[in-house]
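I've put the structures underneath this note.
Two complexes are shown next, each including chain A; its partner changes from chain B in the first to chain C in the second.
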Partner chain A sequence: MVDSCFRCGAELGAPPALCASCGAVQPFRADLSLYAVAGLPETYDLDVQTLRTQVLALQKGLHPDRFANAEPAARRYSLEWSTRLNEALAILRDPLRRADYLLQRQGVDALDERVKVADPELLMTQMTYRERLEDLAAARDLSGMEALRQEVDTAVTGVVQRLRGLLGVLPCVEPEAAGAALRELQFLDKLLGEIDRSEEHLQNA
Partner chain B sequence: MAYSEKVIDHYEHPRNVGALDKDDSGVGTGMVGAPACGDVMRLQIRVNGQGIIEDAKFKTYGCGSAIASSSLVTEWVKGKTLDEAMAIKNSQIAEELELPPVKIHCSVLAEDAIKAAVEDYRKKQGGAPVAAQPEMAGAQAAH
Partner chain C sequence: MALMQIAEPGTAADPHRRRLAIGIDLGTTHSLVASVLSAVPTVMRDHDGNYLLPSVVRYLGGGGIHVGYPAVAAAGQDPHNTIASVKRLMGRGHGDVQTLAGHLPYDLVPGEGMVRLRTVAGEKSPVEVSAEILRVLKERAVETLGGEPEGAVITVPAYFDEAQRQATKDAARLAGLNVLRLLAEPTAAAVAYGLDKGSEGIFAIYDLGGGTFDISILRLQAGVFEVLATAGDSALGGDDMDHALAEWLMREEGGDASDPLWRRQVLQQARTAKEALSAVDETMIALTPFGRAAREIKLSRAQLESLIQPVIQRSLPACRRALRDAGLKLTDIDGVVLVGGATRVPAVRAMVEAFFQQRPLTDIDPDQVVVLGAAIQADALVGNQREDLLLMDVLPLSLGLETMGGLVEKIIPRNTPIPVARAQEFTTFKDGQTAMSIHVVQGERDLVQDCRSLARFSLRGIPPMVAGAARIRVTFQVDADGLLAVRAEETSTGVRSEVVVKPSYGLNDEEIARMLQDSFTHGAEDVVRRRLSEAKVEGERVHEALRTALAADADLLDPAEREVLDKAGTALINALSGDDAGVITAAAEAVETAAEPLVQRRMDSALRRAITGRSIDDLGD
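Now for the complex of A and B:
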């Protein structure tokens, strides 16, 4: 399906936000996925640098300042497009949120608060990580924290690798396994945040 | 997010923080995690020969509501039977601590943790899991 400019009828590119012929900003399309808004194919394995370059270029063309003197509708469209582009960058650049987004698109909410985590090994590992961090913080051991961070980073890389495999073909045919991997990533992500906080706390003390 | 005074009290003076020996046959350990936020909780009970919970400890890496919920549950379960402990509902915890709706999953964590601890204890005792008793009114007045 090819979209055409609402004003001049010329064919629109991807995303169908600005007309290359007449320059008109097009009515916002709430039905488009974050990928489509960024003009990228829907894949988990995406290059964050490409995403950023692409979104920044689009942001430039659609920046509300450029339409400050335009008709109210065009002003509104440009604001809607650029708000959505911000969202696309924030979500798609993050391996955790990107996986969550793709799974949600196929109706799987793996991080829903009603989901029970039934993997005792995972819980044990996470509990042990947190206890180690607590002990390191109490001992004011910054280099120990760095070592822990590297260990957790390696674990994150492993899980993202698994997600790449599971989400390599979409829609994912093993949503259970992908959901479990996503939850593991969520725990690791929280842990990394806690390591940051503890380090900052030590450095500022 | 404004916490109720009760949450702040438990947060600042958590009761029963710590660990029991998880390899002890009289100890049940429950470990749970919240996928919504990535937080984790461990709750343990020590059960005496009469099947009464005589000690409880917890360790929670999570928000104030989760810490308060687990702290409260360790207080509640002491002196209770296993079935009474199993009957504790997150809604009772949320009500007691006046948790706002967005923080409900944090009290659910504490409910799941005590259930997991009881189940772990029962499994260790080797017996077939005791059939779940009908909800006991006793648990309501539990503090």
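Now for the complex of A and C:
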């Protein structure tokens, strides 16, 4: 189905947000996926730089600043499109949230906290990492923390690589394996945040 | 035929006339106004040639008001009625400013909501005081430009929270300004630098003004200014250096520290000495304590630097935090821009250079760089510039909700690009529960008591159901100005009640609660109110179109037609002052009907102008 401009009827491109013919901002379409809003094909393997460039180019036409003196309806549409574009960039640029979004699209909520998942190996890894961070913080060892950060960064790269394989074909045929990888990535992400806070705490103390 | 069809969308009645737009830097110690004149962003001066307007307002008995230098001159004799640094009080409650109270000689009125000052002209809110400053800047612009500006961009510290932004916007409205955008000061500075140099890369903007400190990390690429992170301290600035020096002077000199006149004198001398020491190594401070002999004190730059070092150091944690939030290392920074008069202090420049490991950029006057950027952005927003320039800002402070035990649940984290929306679902926890209390806060701390309370309201009129069955969806929408709207909606029964709350210190909690309660119990009234506001917008648009059309082409009408149209116009103005949507809409329609001959003739004459000079063949189809 081809979308057409609500004002002049001309055919709309992807995303169907601005009419190339009459320049009208279109009513917001809440039904579009984050990929569709960004005008990109739905894949996990995504070049973040391309995504960024694409979203910013779209923001140039749709941001509320472009409609500072326009009618209330146009201002509202622009706010809605621009908000959704920011959401698309925030979620799709992040390997964890991107994977979670794709799995949710096929009805799998791998990070749902209400679902108890027994994963003894991950639990063990978590405890080991946390103990090491606590020891480094107690010893005020900034260079040790930096080394730990690099180690965690390498682990993140490994998990993302695994996800790339699992989500290479959509919908994902091994959702349990993808879910486990997702939970591991979520833990590593949180750990990086904790390392940040510990470092900041030491530097500002 | 509608009046609005006279001009094509986006084109002015006269395409050659530039639309007037101004940028305003509403600063703690000074304010400025600028505009793009003949493609050059220019700071406007007063009759004496000054471009800085001291942000000082003096209320006189009998309704008189002095703003700027005359007010500064009187500050020593009339401290209670002379308000300086009012920006520090914007959007602040009485409790917030207790820590500042020792520094400020004003008579603060205790009470709920935004703090108020007792003056000879009555109680004044910081919004009203700021509006007086904005009025003077607007007058200066009108005189310089030869007409009313269509819109203004007003800069705020990036670290300003929701209440402070809202207060700034309220002040502008009070001064009769149409605010196109509130722009973060560091972003404005980047615009001024970016356009001048056409540079691309990642920049740190270190902005130490009179009363606020901001550090922002921006990426400039392909016409998009993207704020990556911002951090700062809304209670740190050059004033703190003055106060540090003044405290030292008072300890050295004695005198009555609670005497506002004495404090004012010492503070002024401290500021003068600090400024002098940016250029020279040593200066003399002259003090005349009441009832004692005048004294001169020698102060060296080294002494000053040791006194202000603790103040300057307070800016470093924010610099580290901003870098971390942006996910960057020091070596990723391509340039450092200095903004704000306080960055003239050599010790500040030295510390910035040491921290960022590079010499900061200082080509543009640090006092003017923000207002110049604001003027450029204002010019772009009213449609004068064809350049593809876009500013993407971030939310300066996290937004959250109070949960059990006085804890904060963050809904939108700081440094999220705006506009942004997030929804959160809530449910009832008791059978038959018909109300729910929601408390919106802003800040980074885990406890509600350490964050700024933005709005506290109850949702009432929830249909009674078993516990956990109701679905209350609360949506937070932050617009491009960083202003928040909260929308609450009960979805499980298909009962759609929603309301938009603009939390601000202008509204107290009761008013907000009442607004929400009203929306749930009086949904129909809301529809009426919305219809009224839509009718008013439309009516004002028709009136404006009529005024423009008559100004340009009144001669196309004969006297009888003119009389009918004038009558319809007057009826519309009267209707607009009332609050009946039906009357306003009818009056607007009457104007459109009466204006039909004029519209038709304007179209014909425009068409004639357009086809003049074209051959008959061109008109064949």
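Going forward, the second predicted complex is superposed on the first by the 205 of 205 C-alpha atoms of A that agree within 3 Å, B and C clash if a C-alpha of one lies under 4 Å from a C-alpha of the other, contacts with A are read in each partner's own complex, and residues count from 1 in each chain.
Note that in this section contacts are C-beta pairs under 8 Å (C-beta built on N, C-alpha and C of every residue); 3 or more make two chains touch, one makes a residue touch a chain.
None of the values given here were measured: they were computed from a predicted structure.
Once the two complexes are laid over each other on the shared chain, residue contacts for A:32 go to neither chain B nor chain C. Contacts of A:159 after superposition: neither chain B nor chain C is touched.
Of the two partner chains, chain B is the only one that A:123 touches; chain C does not reach it.
Once the two complexes are laid over each other on the shared chain, residue contacts for A:200 go to chain C alone; chain B is not touched. In the superposed model, A:63 makes contact with chain C only, not with chain B.
In the superposed pair of complexes, A:190 makes contact with chain B only, with no contact to chain C. Across the complex, chain A meets chain B through its residues 110-117, 120, 122-124, 126-127, 130-131, 134, 183, 186-191, 194. Those residues of chain B lying in contact with chain A across their complex are 31-40, 42, 59, 61, 104-105, 108, 112.
Of all the residues in chain A, the ones that touch chain C in their complex are 23, 53, 56, 59-60, 63-66, 68-69, 72, 79, 82-83, 86-87, 89-90, 196, 200, 203-204.
Residues of chain C touching chain A in their complex: 9-10, 150-151, 180-181, 221-224, 226, 316-317, 320-321, 324, 380-383, 388, 390-392, 416-421, 477, 479-480, 534, 537.
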